[in-house]
Amino acid sequence: MTAELIHAGLTRDEMARRAARDIPDGAYVNLGIGIPELVAAHIPPGREVIYHTENGVMGFGPPPPEGEEDPELINAGKKPITLLPGASFFHHADSFAMIRGGHIDFCILGAMQVARNGDLANWSTGAPGAIPAVGGAMDLVAGAGRIVVITEHCAKDGSPKLVDACTYPLTGRGVVARVFTDLAVVDVTSEGFVLREIAPGVDLDTVRRLTGAPLLAAAGIKTIEP
Amino acid sequence: MTAELIHAGLTRDEMARRAARDIPDGAYVNLGIGIPELVAAHIPPGREVIYHTENGVMGFGPPPPEGEEDPELINAGKKPITLLPGASFFHHADSFAMIRGGHIDFCILGAMQVARNGDLANWSTGAPGAIPAVGGAMDLVAGAGRIVVITEHCAKDGSPKLVDACTYPLTGRGVVARVFTDLAVVDVTSEGFVLREIAPGVDLDTVRRLTGAPLLAAAGIKTIEP
Amino acid sequence: MIDKRVGDPAQAVADVKDGDTVLIGGFGEAGSPIELIHALIDQGARDLVVASNNTGNGQVGLAALIAAGRVRKMICSYPRSSNSRVFPELYRKGQIELELVPQGTLAERIRAGGAGVPAFFTPSSVGTVLAEGKEVREFEGRPYVMERWLRADFALVKAELGDRLGNLTYNKTARNFGPIMCMAARTAIVQVSRIVEPGGIDPEVVVTPGVFVKRIVEVANAAHESVLVAQGVTYP
Amino acid sequence: MIDKRVGDPAQAVADVKDGDTVLIGGFGEAGSPIELIHALIDQGARDLVVASNNTGNGQVGLAALIAAGRVRKMICSYPRSSNSRVFPELYRKGQIELELVPQGTLAERIRAGGAGVPAFFTPSSVGTVLAEGKEVREFEGRPYVMERWLRADFALVKAELGDRLGNLTYNKTARNFGPIMCMAARTAIVQVSRIVEPGGIDPEVVVTPGVFVKRIVEVANAAHESVLVAQGVTYP
């Protein structure tokens, strides 16, 4: 049944498109690996957004055509990128000065779990034998202006990703402002999770059932325009 | 009488020449304002020395010919400089990373007082109404590899500059390795001041009389070749 | 479209408020953003806390700002020079505060402010009056003093080339505090000799990425402080 | 005359000793100094502590150094990737230690090492397992964790242009950790694509001033890790 309901929700591209609408014109943005990477393709027309990658580029563009990849021009996901006019290169300490120093306005990350107090877990299951790898996630959540998450509402095994308290090792405490899932747009507030928008064909009870913590309903819940 | 004796000592250029002999080939060197600046003109032939200035240049050369000064190409003393091939510009935090991080091998400073334990006072008389100005001196003495001082042996009023303990505010504690004066070359050791070399025509008793702390005589005191 | 260009220095500094902290670039006259400082004098904000390596020369630029009584406190490493009379006079009269900071500590505090590092340890000034009252701690057997970041409401900086995104290069030793001051200010305002199109600066040679810059104003033939001082100019 | 050029990678790494700490540049394959790493494998030093952002790919470069059993401990932020099998296997068997460090903290620790700053405070990792056992302190109402500098005996770095004085430029995102690793090592060893005469790099665009570099070796056509991995190359 769970699988069926999730099928009724947004596609990965639709989730990315919804998240993209939140990015203001002129923002400096860092996109995590996975669904967040899709966001760049969906920025509404008329907005200029500048992308930062931890490994030392501000102002990169879409992937190059096949055959034109440069192994020394890559993003934090180690994938080939291109440069837009006005790009710049810098070393790692300067790159994280941008992050830690609060110069990145908007950061979109994936998540394994988000707690109702904004705690984020997205780097390790903590399972024995797992190779822990944190990358720049802890710096991003500590430093970027606004941290939002894009994730499927539930894990592959059907367990909720929006939870009362994270059981996986934390990336940061109280850092997530908003979560975009295939089912809903959920804000993290001082009252806990608040449902702001819901995917077409999905009802509140379903979202509540698939959420592992109390979910308040905002006044005037909107339907997400996919 | 004091004035007469000092007259028997080295000129400023001779002091600088003697100090220059201590700078090893390949050293990265920072020269303070005043007599230390003269050292660059006296590096023995065959040695390549690279000069650093706190305001963001490595590898500068002699002053430009008159009329070719550039107000945006200056040294820490705010005097016009030139560049040698292989020079580089960098910002102030990087410049002091070089200093604090121990990358400058040799630093020659002026002094108001040097104590027998290596304490240096060279930035303020501490007098009421004096405008305190420290510049980069405290960073240089904390970070450079070897700190030596060039100074007249006595102050203008005849009082000794090599003292038992500094009475002026300190620049740093236990930082000076060697002092080049118009009368002598004096090392700072765990036993206190040790006279290594003496200026032509000056005798040990005179130097001792003009030194404000016990002055041990090294075995085989040499005469400074001016 | 992102466009950080503003028409003139007056517009660039229009929202500086009384009591703000302002970082002012330059080491001696090299990199001193004279036109921005003069615009700030015209603008009228008072009670400023200014961090700059020096205190200006003659009666122009930073010295003129101080002379106009706009600066409550200076944070700097070297508040005197052969042509600096304004600061010493006010200081001796007790009409301006001074926080004296070793030059490397000043640079590192500003860089820390820009990099989100609220405190760090340095060996500079340990055992001197400038470390008095500060926490001292040993690491690997050597004492270090803890210093705090320095952040500001505004930075006024002079650069060479700039584009509408705020990317900058500098000219020779005019670079000095510029890049780190841009990092440490909420609003970094930069005067450049020339504005170029995005892409007009090779991405490999951008010194200050535009993310650190909020406003950029072209001042094609910036005045040199030493020339103004030699001419006996007094601002305003 | 100062001449930091050495003839080949073998000569450049000849004096690395058992137990040394070695910083190795690169983010993924970009900037990975493969030829220097291979020379270090040939050289034979054991029991190394290596700090690098990743742990290499396939059976070449850093992965090959680890596979050869030369690394006692890795300090890194992201010790896995699609083609990294060597480290995970040894780690699961308990045959290699791991110090996991957030990427920005790793960068800042290295920069601090080069800048003479023994400790600093960062908000990154506060409240997580990576802050356990570390001092946490509030500044202006926010908690920060104290991190220590990271200094090393050697750094192996890949750059683009270099001169006999050690001045460097980099190629695009191959810059990454190179400049700060050169700062933090007692002996920074750099392979460059091309050696030029002093002055061949504009003083305004030098990224790493030569003062941070001890040895420089030209490797005209450096291998790309991904190409070697795709070819199934195993080193040695």
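Brief remarks on what is shown
By written order: A, B, C and D. Residues from 1 in each chain.
Heads up, the rule we're going with is that a residue touches a chain if its C-beta (ideal position, glycine included) is under 8 Å from a C-beta of that chain, and two chains touch if they have at least 3 such contacts.
All values derive from a computational prediction rather than experimental measurement.
The greater number of contacting C-beta pairs, out of the two interfaces A-C and B-C, is seen for B-C. With centres defined as mean CA coordinates, chain C is found 37 Å away from chain A.
Chain C and chain D have centres, each the mean of its CA atoms, that are 34 Å apart.
With centres defined as mean CA coordinates, chain C is found 30 Å away from chain B.
Chain centres here are Cα means. That of chain A falls 57 Å from that of chain B. Multi-chain contact residues, meaning those touching two or more other chains, occur in chain D at positions 108, 111, 115-117, 122-123, 170, 172, 203-204.
Multi-chain contact residues, meaning those touching two or more other chains, occur in chain A at positions 57, 89-90, 93, 96, 99-100, 142-143. According to the touch criterion at the top of this document, the contacting chain pairs are A-C, A-D, B-C, B-D, C-D. Partner chain C is touched in their complex by these residues of chain A: 25-26, 28, 48, 50, 52, 57-59, 83-90, 93-94, 96-104, 142-143. Against chain B, the residues of chain D that register as touching in their complex are 1-2, 111, 113-117, 163-165, 167, 183, 197-199, 201, 203-204, 206, 209-212. On chain C, the positions that touch chain B within their shared complex are 27-31, 53, 77-81, 87-88, 91-92, 98, 100-108, 110-111, 122-130, 170-180, 207, 224-227. Contacts from chain A toward chain D in the complex involve residues 53-57, 70-74, 76, 78, 89-93, 95-96, 99-100, 129, 131-139, 142-143, 169-173. Across the interface of their complex, chain C is touched by residues 108, 112, 115-123, 137, 139-140, 142, 144, 148, 169-170, 172, 203-205 of chain D.
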